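Report on the following structure.
The chains carry the letters A, B and C, assigned in the order they are written, with residues numbered from 1 in each.
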Amino acid sequence: MLGRGALALYLSVLVLLPLAALAAHSLDGGLSAFWQSVTTPEGIAALEFTLVVSVIVVIVNVVFGTLIAWVLVRDDFPGRGVVNSLIDLPFALPTIVVSVVLLALYGKGSPVGIDIALTRSAVGVALLFVTLPFVVRSVQPVLIELDRSMEEAAASLGASPATIVRRVVLPSLAPAIISGAALSFARALGEFGSVLLFAGALPFKTEVSSIYVYNQIENDNLSGAAAVSVVLLAIALLVLAALNVLSRNRSRHVL
Amino acid sequence: MSSSVRQGSRASRYALRTIALGYLTLLLVLPLVALFYRTFEHGLAPVWAAVTAPYAVHAFWLSLELVAIAVPLNTVFGIGIALLLERHPFRGRSLVGALIDVPFAVSPVVIGLSLVLVYGDQGWFGTSLMAHGISVIFSVPGMVLATAFVSLPFVARETMPVLRELGTDSEEAAATLGASPWQVFWRVTLPAIRWAVTYGVVLTTARALGEFGAVSIVSGNVLGVTQTLPLYVKNEFDNFDVTGAYAASVVLALLTVFTLLFMQVLTRKARRAD
Amino acid sequence: MAPRTIARVTSRALPVLAASALLAGCGSSSGGKTVALVAYSTPQAAYAALIPAFQATAAGKGISFTQSYGASGDQSRAVLAGQPANVVNFSLTSDMTKLVSPGIVSPSWDAGPTHGFVTNSVVVFIVRKGNPKHITNWDDLVQPGVKVITPNPLSSGSARWNIMAAYGAQLHEGKTPSQADAYLAALLKNTVAQPTSARDALQTFLSGEGDVLLDYESEAIPDEKKGDAISYVIPASTILIQNPIAVVTRGGTNPNAQAFVNYLLSPAGQTIWAQQGYRPVIPSLVNPKVFPTPADLFTIASLGGWTAVTKEFFGTPNGVVTKIEQGQGVSAG
């Protein structure tokens, strides 16, 4: 039980206490102030936009992330090792660098002729960049350890490759995909720096919730910022818990 | 690998490869190329000068120090909680699982502020910490907390699906053969999750290296004292030293690649040692 | 897999790692020979020249410095939260006044001959080199099709100077306050980006976006010197940006800190500030060729002072600008 206690202590010191302090601070002005902070038109617009774009980003990541993991594990081509080493880099780059580089590459004066800076798509692209590693790296270890005997059995029974993938492989990968999707969603919700310069942070157009929260902090409206953060947190918690349950249900179908 | 299990015809394999690589080119490779181009476009000398500047060197070592503390902590925690959630289910484990991810959904600046709310001078523990002479915020412990906070979920998240996929058969078999719990863990479970742990560690390291928002709040950003490499990058940007900023970013990128390669070598060596 | 194994792994590893984390951070406070400077982000390059110059004087001999730079509001908040500091230098007064009631700076910080200000600047329009769109005055900014970039007024001190410059200019043109408010709405409607800081706004502008950037003269001058393809226009009517400085009195005053501030306010220090693009607070040192005087230069005091202005324009939820930003959604943005 000591181990469980140590885990709980770590989690509390690191995460629970600060979040509790945040929640406490958000209620500093009482429930009505909380409600007022959370229902400003700008805040609601930012929240709606953030949720929509995060969901889109998750869907794109699930599709392409699984595909990329598949190609990296099952396929073999010159430069595979190099490509594999690059996957984590979106993470290590300071987000301001991401924003500036994307601005230079896909903004005015783009060397490849693509200009999407200061638009809503820019938010999506920046988020896709910073969430790239999640699904890929979640699926890879499972794919590597996957027991091929079931696939081979299915193939010898005459199943087409597409069927094998759909009915044998994907169900085994489902928990990992969902795990990566959860991480993508969480990161997309909270992402700030990479979106800022590239998308322009224009209220009602390209402003995401994290930027709105930051502006409230800078405006000395700390409790309002805490209130919006708590709402975001609650939404994230719900979605993540639901994904966890979904993942558990799926894996029950796997032998 | 017999030809009967080769997934798909050659055409579909090439198609998949093209789509995947095309996506990666647009989203990943081109930005990285742009970054490297921008860094080195004025030659090697300015980059070298930027990277060897005293404040940059200090920031480099400070970032490494934070990683050296936060990553092992999160790795141990990650494996522990993955084992707990996957091998010892209890009611409410979906919630605990979600709690691990939640730090991610909070904007980094808010994370920093909430740490200040708890451990700062006017925070919940402020007075008792001060009484014991422990300074958390505006010094390294606070920065470790912030770094660990934002990089918490990865090892756990990577390990849990693999544990689930593996099932308990081998572990139970080993136990019935007389292996102690520690032996079961070390010789059956750990080898099976090593790639998950590897990628988890790499992701944790990368995230810890690149973290800006939370650390900037709890560190005080004092040059040459509490400034990490990402803070240094921002500092250089603010000072119109774009080359210096890019150069430091390239260092961060290289550190991440190095971590991946190192972990891969370690993992492969472990497999050979079995 | 028994819980005992989890116990062994975690209970052995975690405390060791955690303890090392705490120990790694035990720092000791420095003696009086070190001055901790906490400032907003723009003057870092200036201090890179000022600090060595001070250390070459008798008063500054043997004094070492720690420096921290960041957004003015963030730095003020950090000092409030306990960040060690001996000298604080912010971009606007409200960030300084926040430190008075907790006893961090003395209430008489602004009692000196310069009223607590160490540098001045003015709000200018940064445009592309050669000013192809011929933007010269505030009315040009609200023309249809003109793309303006300014930091977000609710988050950036720099943006607040921009907004109040625009507002004051409107009043001085003879408009009524509500007409001036309408101007602000039109101005914000023309923005294509509102990053959270002045530097980020400049970066956005330099990447090719927008036609005009509202910024400080003290940012425009070094950037032009650096060779970026910009030029700047000082509108006929603009606000005097005044940056406050003070010695921190929390826990006793560091005499070396006071000596440093005195140096910064002295002719020698002010000359160096001028070389870095800041308007000196000593009027005789303001070179009109480098720092032309606008026809109509007003201060925030003439608009009511920052305390009143912050509440009236930027307060939540009823500030004029707050309401404009909230109302932007009404006309499909």
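Operating definition for what follows: a residue touches a chain if its C-beta (ideal position, glycine included) is under 8 Å from a C-beta of that chain, and two chains touch if they have at least 3 such contacts.
In this text, all values refer to a predicted model and were calculated from it rather than measured experimentally.
Put simply, the chain farthest from chain A by mean CA position is C.
Of all chain pairs in this entry, the one linked by the most C-beta contacts is A-B.
Centre-to-centre separation of chain A and chain C, using mean CA positions: 34 Å. Between the CA-based centres of chain A and chain B the separation comes to 15 Å, rounded to the whole angstrom.
Touching of two or more other chains is recorded for residues 3-6, 8-10, 14, 18, 74, 203 of chain C.
Multi-chain contact residues of chain A, defined as those touching 2 or more other chains: 3-4, 6-7, 10, 96, 100, 104, 214, 217. Annotation for chain B: residues 73, 77, 80, 84, 237 touch two or more other chains. Contacts from chain C toward chain A in the complex involve residues 3-11, 14-15, 18, 71, 73-74, 152, 154-156, 191-196, 200, 203-204, 207-209, 314, 316-317, 322, 325-329, 333. Contact residues on chain B toward chain A in their complex (touch as defined above): 1-2, 4-5, 7-9, 12-13, 16-17, 19-21, 23-24, 27-32, 34-35, 38, 73, 77, 80-81, 84, 94-111, 113-115, 117-118, 123-124, 145, 148-149, 152-154, 157-158, 160-162, 164-166, 192-193, 195-196, 198-200, 202-203, 205-207, 209-210, 212-213, 229-230, 233-234, 237, 245-246, 249, 252-253, 255-257, 260-261.
Across the complex, chain C is touched by residues 65, 69, 72-73, 76-77, 79-80, 83-84, 87-88, 116, 120-122, 126, 133-144, 168, 171, 181-182, 184-185, 189, 216-217, 220-225, 235, 237-240 of chain B. Taken together, the chain A residues at the contact with chain C in this complex read 1-7, 9-10, 36-37, 40-42, 45, 96, 100, 103-104, 107-109, 117-118, 196-197, 200-205, 207, 211, 214-221, 224.
Across the complex, chain C meets chain B through its residues 1-6, 8-10, 13-14, 17-18, 20-22, 24-27, 36, 38, 41-42, 44-45, 66-70, 74, 78, 81-84, 199, 203, 222-223, 226.
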